[in-house]
Structures are given as structure tokens and as C-alpha cells.
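Mind having a look at this structure? Questions to follow.
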Amino acid sequence: MKKIINKPEDVVKESVEGLGLAWSEIVKVNYEPMFVYRADAPVNNKVAIISGGGSGHEPMHAGFVGYGMLDAACPGEVFTSPTPDQMYEAAKKVHGGAGILFIVKNYSGDVMNFEMAADMLKAEGIDVENVIIDDDVAVKDSLYTQGRRGVGTTVLAEKICGAAAEKGYDLKKLAELCKKVNGWGRSMGMALTPCTVPAAGKPTFELAEDEMEIGIGIHGEPGRERMKIKSADEITEMLAEAIIEDLPFKEGDEVLAFVNSMGGTPEIELYIVYRKLYKILESKGIKIARKLVGRYITSLEMQGVSITLLKLDDELKELWDAPVKTPALRWGI
Amino acid sequence: MMINNQDVIKFLEKAAGKIKENKEFLTQLDSAIGDGDHGINMDRGFSKIMSSIDTLRDKDIGTILRTCSMALISTVGGASGPLYGTAFLYASKSLNGKFEIDMNELLEALKAALEGIQMRGKATEGEKTMIDAIAPALRAFEEKLKSGGTPVEILEATVAAAKKGVENTVPMKATKGRASYLGDRSIGHQDPGATSSYLIFEAMLETLKEKV
Amino acid sequence: MKKIINKPEDVVKESVEGLGLAWSEIVKVNYEPMFVYRADAPVNNKVAIISGGGSGHEPMHAGFVGYGMLDAACPGEVFTSPTPDQMYEAAKKVHGGAGILFIVKNYSGDVMNFEMAADMLKAEGIDVENVIIDDDVAVKDSLYTQGRRGVGTTVLAEKICGAAAEKGYDLKKLAELCKKVNGWGRSMGMALTPCTVPAAGKPTFELAEDEMEIGIGIHGEPGRERMKIKSADEITEMLAEAIIEDLPFKEGDEVLAFVNSMGGTPEIELYIVYRKLYKILESKGIKIARKLVGRYITSLEMQGVSITLLKLDDELKELWDAPVKTPALRWGI
Amino acid sequence: MMINNQDVIKFLEKAAGKIKENKEFLTQLDSAIGDGDHGINMDRGFSKIMSSIDTLRDKDIGTILRTCSMALISTVGGASGPLYGTAFLYASKSLNGKFEIDMNELLEALKAALEGIQMRGKATEGEKTMIDAIAPALRAFEEKLKSGGTPVEILEATVAAAKKGVENTVPMKATKGRASYLGDRSIGHQDPGATSSYLIFEAMLETLKEKV
């Protein structure tokens, strides 16, 4: 295992501490239990938005705490859901009197832990809405299963709902908006290499020198299919087609195109994927009205890429463009 | 034979030891169909219990289990944290204030634990989860109890059924938890959560064996 | 070689094309010869700032084109200096009548190619200043050698000079400022893994599973010393000490601390390094007044980290804080 | 024996061929002490020359070399691009309008090329660069020319000296170019730029050998 770390068990704590030291004008860190929250919390009469999940997906979620996005983020151990006491204490710290929106990725662990926290908060009379993000088209959906994983759309939902909360949306309206974003967002990812959880010390899976994994999750969990490596254009086509036909996205639609690195894939490759995605969408009469290209929801050092498409209307465009000031996403301010 | 609070402490120590011993193994099982952290998660939780076990030695069984529940809920994370945490919490409910219980009371507590797991995780038997070890184990417990087995016999039957249950998860296709994302590719692998449940039943059996 | 690319020879062109498609509101792309330039160029009466170098260091430099930073960037092939015709044509396109500042990293290839372009432009009566960045303390400096490599300080110089150009600094004052930034900036990097130039198809060097390379360059060129992997704290200490004693940075100094990933090292590790760097500087009475943490000057997918410290005064702080709007660096606007 | 513009074209074709053949080798040399692109860079430049070689067949030698210079400058990049580009440019200066030259004129052109390299790169002999192949090669050329050698003999001496020069770079410590960043660790490796210069001299020799 090649990593720039001290003890594996200190990785999350030390990293969050570093984030807090670097961005003290934007965030503060609570250690027992661990959560990262807005330095100016609580913001009175604003719905507070809290997300969280296993660590290893940086900058998600702690890098998205700040004006116009999250009020708090609860980092679990690497690839392990945070615990209810984290969400509970975070909520108590950032609650501005207008209720709490939990944005939760659809993993059984995350769902159950956030649910427990919501139960605890509701018992104290605090309004909580739990919205689940499940946008990964690589996973077959069905009533009888856990359903799809939450991936790239989470980042977009956090930005858009964050802007809406600043604008004064109440909890009910904000939860509806979050569900709308989830309903209009679709993602799929692939990997060239696995990644190594520090505490485990060895890669989560093996891939031969000429193989890739299509439909990978963000925890190094195996994907939909393993196959020989293909060209960037072919990979982009596979991901884009699966995403487009799922919603489906249609001629005349405006979308936000989000090309994301799994961590280890460098920017030079991301833009090769973006180029092809642009051409595919153009040929179908789908217009990229907004974009995000970079590393926003990652799997440690995994090499690979994911694509997210989010259908846009005027409301979503305006909220996307609104100012945001967080360690990892910032504009207009 | 009655089970007292000291036995519960011993059971917890044995369970923590078994989890630690099998940390790698559980993690390996989870790598195949999950995210490779189950052993790490469980060991973090039981180590946390062990770190304050001395403060529990003079407490009643309900308090001991409720404290374990809190430790598991706040340190394990993942899916198994809320599930085992809720299990311990539900088990504790009928044991508040008690320093000694019999096998009937133990069965009631275990049934409550399973109920907690199902309330929280909404899974049923056959979905390739810990329930596939626990549910048959409790049926075996109940049968042997009714047919008049000794405590050790009862728990031997329980452990054997749990083991069988773990083996039965291999050919199952997961429809709950992280393994469900794999669809058919989850077939052929043993469920890590079922395996940790089996280890916990084993710890119960060994505790009783040492007592007689 | 595991990469998301099409043909190795098309990597740079396709990636730059993708960048242009994604950020058309900020940059435009010229293909023959290749350069990326501000969509609103030329900006009249502003000194135009041009940088460039081999590709593979993204987002540097093309990701830094835009308001408050570069007017144009000239990407060479991967790890190969661009050619003089690129800088020449870029200069003609963005020249706003107030002269051109070339910011050049100190590699013989870059220096010579920029020099040739400057000769061509001067022959046409255009004022050009060529400022060389040579901040890498891993390289022993001497009058008789090529001198030090240009690394992390380049990013900071581009941001600071870009702000000064917007403020109306003339060419002479801007060149002085750029030299001041170079004089006050020091860097050093290390790598856990090599990287692979697409055209070469195999790693630029080999490192055993338990080895790291200290004092690495940004082209996969070997560094100062190879040794067993150490902890994040020890690595940070080695880099920081070499940097601090070189200028030297002293008690009471204010600095900008820049912790940079070589590409493959994930953010979770960067903040572990930042944390230790913070503590080292704190213990010496050196204050981090500004910071930059992320992937800004990379070596493709190489795993590793570099640290840059830049001594600050009021002028530099004000210019650092000034608004910037580029694909990769943005705030205040 | 006179060298005409057709010979120059042949020389360029041979040089391009040798560079392509040795692309991997040059790149490998550059990996050890540089950034592993010298073969790729040189091949890109000479391939560019080859892509328009047909438009040069009827041009004078000065024009041919100047056009090569532009191609190298605008496609090679790195350190070797401006250096070889300047070399060809300087060599072309005294040959403008000429369709035939003798060995004296060739020597003058080669000396001008070296001068161009030194003007641009500010290196001298002993710094582990292409100059360590070119400078001794030109000295051998001049000696053999003065002592009345045939053109082939002159170029044989030139190539032999270039080869020796390349070998001499092995124990040198680099103080110019990318290899200089390695300091003492550059010792023990052959310089890639000196090697490509040697290949170019070889191409000249083979051209003349075929002519006689």
C-alpha cells in the first residue's frame, strides 16, 4: 500500500483536521463525535442541510460545507457510513430553527444510520426530512432490492439545494426540490484500477493490466461487467448511452454534464471524455447548458471516470449559478 | 442453570476476541461482495465495548446490553452498526434491572434482537444477510428448549443452525445491502454479516460450556 | 498503460478541445499552432501574460487562462516544451498594446523555445519580458549549471501577476513583481509512483513497492534521493525543512502554503500533509496567511505531493485575494 | 566530389529513418537521466520533414535546410527542438542559393551549426550534451580534410569521433539540460542528444558511401 499517511486509523481524523486548519474562515470541525460545519452556523431561519457518508470520496462531503451548499458534513471511516450520533450532534449545532434536510446516498448503512439520527431528532421535536439519492444506472432497480446507489447526482443536489436554502425555501419545498434533482439525475462510472482502503492495506479488487470495470461503485465494490480496456470514446459512449436511455434524456433537453474523476485519473483524460460526451449529446440534440469537470466524488486513488447528466429547467439553472463558497466548490463570491 | 451478568461480560469478551481473530477473514468476505470493511467495522465496535468493559461488571444485564448497543451504534458505522446496535438495544429491553436470566428469557431477548434487525433493515430470510444465520439459529434454539435440552445442548443446536445458515448464504443472490449491487455476481460468496452473527452465537456457546 | 485516451498522439489535442468546449465562456482554442486564450482577448492596454510548457501538468497552464490570471497558455506535447510558433501566434492574438510577459519554467527546452519566440516578437517591435521561475530546492543551484527547475511557484506567480496586470501594472513593474514572487517562493516534491507518458507507453521510472523518490521533478524525472516510504509526517518534515532553510523563511514571516498533489494522490492525503505543515510552521513562528490545497501542477497520474511556500507582504496578499475566473482557479467573481 | 541537393535529400531521408529506428532507444536513454521523450521528440520532427520532403527536391541546399529548421523548431519542442532547429538554420546561412557544395563548404556549414547550438544552449564541451558528440566530430572532420582524406574517409573519421564523443558522455556529470537536475546521479548514463547527433553524422556518411 503506497499512501502518504501516518497510522491507518488516524487517516480520517488527521485529514479532517487539516481541512479545518486550511479553511478556518469557512468551516469548523467537531471531533467528538466528528463533523464539519459552517463557521457561521447556525444560520437563523434557514433550513440546515446535512450530508455525510464514508470518507474516501473527497472533496465530498466535507469539502462542500459552506455558504450556498452544506451546513454540516459527517465523515465516516473510509468507505463506512458515519454513525447516528454524528448526524445528531451536527444537526443540533447547525439547526437554525427551520428544520433539517438530510441528503443521503442510497447505501443500506447510510440510510439506516441517517434514519436513526432522524428518529432521535424528531423525538426532540426537530423537523427532519430524509432525501435519498439513488442515481446510479449501473445497478438494476427493483422494488424488492436495496435499489440503486447514490453517486454523482449527490454533489449536484447538495449545490442546488444549498442555493435554494439560502434563498429561503422551507423544509418541505427543499425536500421536494432535492427529490426532483434526484429524479432528473443519472450517473454511471468505470474504473481502470482498484483502490486501497488504508485500514485494509490491500486493493479492494484485482484488475488485469488490460481490463476495466464498467458500472463501478464509489467504494471499490465491483461493477456491472469486467471487460478489456476500450478507447476513451468507446468508454464515454458506453456510459453516456446507458445514462441517456435510462431517464431518458431527449432531444431538446438541457442538461448539466458532470465528468468526474474517480481520483487517480488526471484532468487531461477527463477533458478527452468531456469532448466525446459533448459530441454524443450534440448529435442527439441535447444541449449542455451547465458543466462540472473535475474530482468531486472520488474513491481514494482509484483510476476511472464517472459521468452524471442532470436534466435542467430554469429553477435548477438559476440555483446552480447562485454563489457558493466552500473549500471545493466556489463561484460568484 | 441461570445466566448472570458475569456470564454476559464473559460472552462479550469472547465475542470481541472472535471478531478480532476473524477481522481479516470477515473483511475478505466483504471484499468479494461488498466494500471490504466488515471485519474492520465489527472489530472497531467490539474493541470499543472492551475499552469500557470494566465499568460494566457490576451492572445489570439490560444496562450492559444497552451500553453495548450505544457503543456499536456510535462506532461501527456501515450497515452492520445500526443493525447490531439495534439488536443489542432490543435485546436489552426485557432485561432491564435483571442480574440473572434463564434460557426462556434469553430466547425472548434474542427474538427481540432479530425483530430489531428486521425493523431497521427491512430484510427477510433469503436475502443473503445476517438474518439468514440468526433466524434459523433462533428456531433451533426454540425447538431444543421445548424438547427439554440442556442450556449447552440448546446453544449447540443454535450454533449448528447458524453455521448451516451461513453456508446457505453462499448460493443466494443478495437483494439487500451492498452485495445487492452485484446482482447475480453476488452468488457463490458467503455473506460476511451472517458470518459475524455465527461467531457471536459461538461466543455464547463457549461461555456456557465453561460454566458447566 | 492504463489510460482513458484514444490514440496517444491525439491526447493533447483532444483534451484541449474538451477544455475549450467545457469553458467556452472563458477560453477559446487555436489549433494551428495550438494555444488557449482568453475569450475576451485582447484586453486593451493590459499587459498580456502568456505561459506554457509541456502538457501533463493540468490544470497548469491552460486551466489558468481567464480573467485575473493568464491571457494565453501554450501546451506542448506531454512533458515536452511547446514550440516558438505557438508562443509567437498566441502573443499576436492577445497583445493588448501594453507588451507581453512570458512566465517560463526553468527547463532548458522551455527557456530556449520562449526565448526564440521573444526574439521573433521583439523583431516586430513588441515588448516582451521573459521571467524564469526556478523554485525547486531539490536541485542544487550553481552558476555553472542549468539551475533549479520551475515548479509550484509558477502557479502562484501566474495568479499574482494576473491580478497585477488587471490592476494596470506596466510591463516593467509586472516583470519585477514576477521576479519578486519567484525570489520569495520555494518548492519541493516527492513521488510514491511514476507516471506514464502516453506516447512512451511505459512508466518513466520504476519504484519498488516500499520506495519513494524525494525531490522529484514534474516530468517523472528522477529526484534527489530514493528511500523507503516514510510516514506522512516525516515526508512533510523532509520537504518543509528543505524549503524553510533554503530561503530561509523566518519567525514572524507570513506565507502562502501550497500543498499540491502530483495527480494521483487523493485529497484525503493532501490534508494530512497540510495538517503537519501547519504544525511545523506554527512551531517556528511562521504564519500561514493564505493557502492553496489541491491538484494544480501535476505529473499525469503520478502519486506524490509537493509543497510550496511563498513569503507574503501586503502587495502579494492583496493580489492573491483579487478576483480570478479561470477553469481551475476561481474566486471573488 | 561535390554534394548536391539530391544528396541532401537522401541524407535527410536516411537521418529520419535512423531516428525512427532508434526512437525507442533514444527515449530509453532519456528516461534514465531526462524525461523519456527524446526519441519521440526527434521522430516527430524528422517525420514532419519527411511529410513535405517532395516539395523540397528541386530546392537549393540553403532552402532545404532552412525549411528543415522551421519544421524542427515548430514540431520537436523540448530542448532538442530549438537546438537542432538553430543548428539547421545556422548551417543553411552560407548555403543559400547553392545546389552543389564541396567538403570545405560542408565543414563551414557544420561549424555554423555548432555555433548556433552553443549560442542557443550556452553549453560547452564536457557538460554531457550533444555538443560532446558534435565538437570532436567536427575537429576530426577538419583534420582529415586538411590531411587530404577522401570525402568518405573524412566522414568516417567524423562518425568515429562522434561515436567516441558519445561514449565519453557516459562518465560525465551533466550540468546543462534536464539531466543536470540529477547531479551525480547523471553519471554512468549515455546522453540521448549526443546519441541522436551521432546518428545524424552516420546518415551523412552512408549517403556519401552510396554516392561513390
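We call the chains A, B, C and D, going by the order they appear; numbering starts again at 1 in every chain.
Keep in mind that, in the parts below, contacts are C-beta pairs under 8 Å (C-beta built on N, C-alpha and C of every residue); 3 or more make two chains touch, one makes a residue touch a chain.
On a predicted model such as this, the values are computed, not experimentally measured, just so you know.
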item	value
Reaching subunit C from subunit B through chains that touch each other, fewest steps	2
Co-neighbours of subunit B and subunit A - touch as defined	none
Distance between chain centroids, defined by C-alpha means - subunit C, subunit D (Å)	32
Between subunit A and subunit C, centroid-to-centroid distance (C-alpha), Å	29
Cα-centroid distance, subunit A relative to subunit D, in whole angstrom	55
Gap in Å, rounded to a whole number, between the CA centres of subunit D and subunit B	76
Of all residues in subunit A, the ones touching two or more other chains	78
Category of the chain touch graph - line, ring, star, complete, other	line
Pairs of chains satisfying the touch condition	A-B, A-C, C-D
Contact footprint of subunit A on subunit C as seen in their complex	2-6, 11-12, 14-19, 21-22, 55-56, 58-59, 63, 78, 192-193, 209, 212, 229, 231-233, 235, 263-275, 278, 291, 293, 295, 298, 300-301, 303-305, 327, 330-333
In the complex with subunit D, residue positions of subunit C that touch it	33, 54, 76-85, 107-109, 112-113, 115-116, 138-140, 142, 144-146, 149, 197, 199-200, 204-205, 217, 219-222, 224
Parts of subunit B lying in touch with subunit A, wherever the complex brings them together	27, 31, 34-37, 40-41, 44, 73-83, 85-86, 120-121, 175-178, 180-183, 185
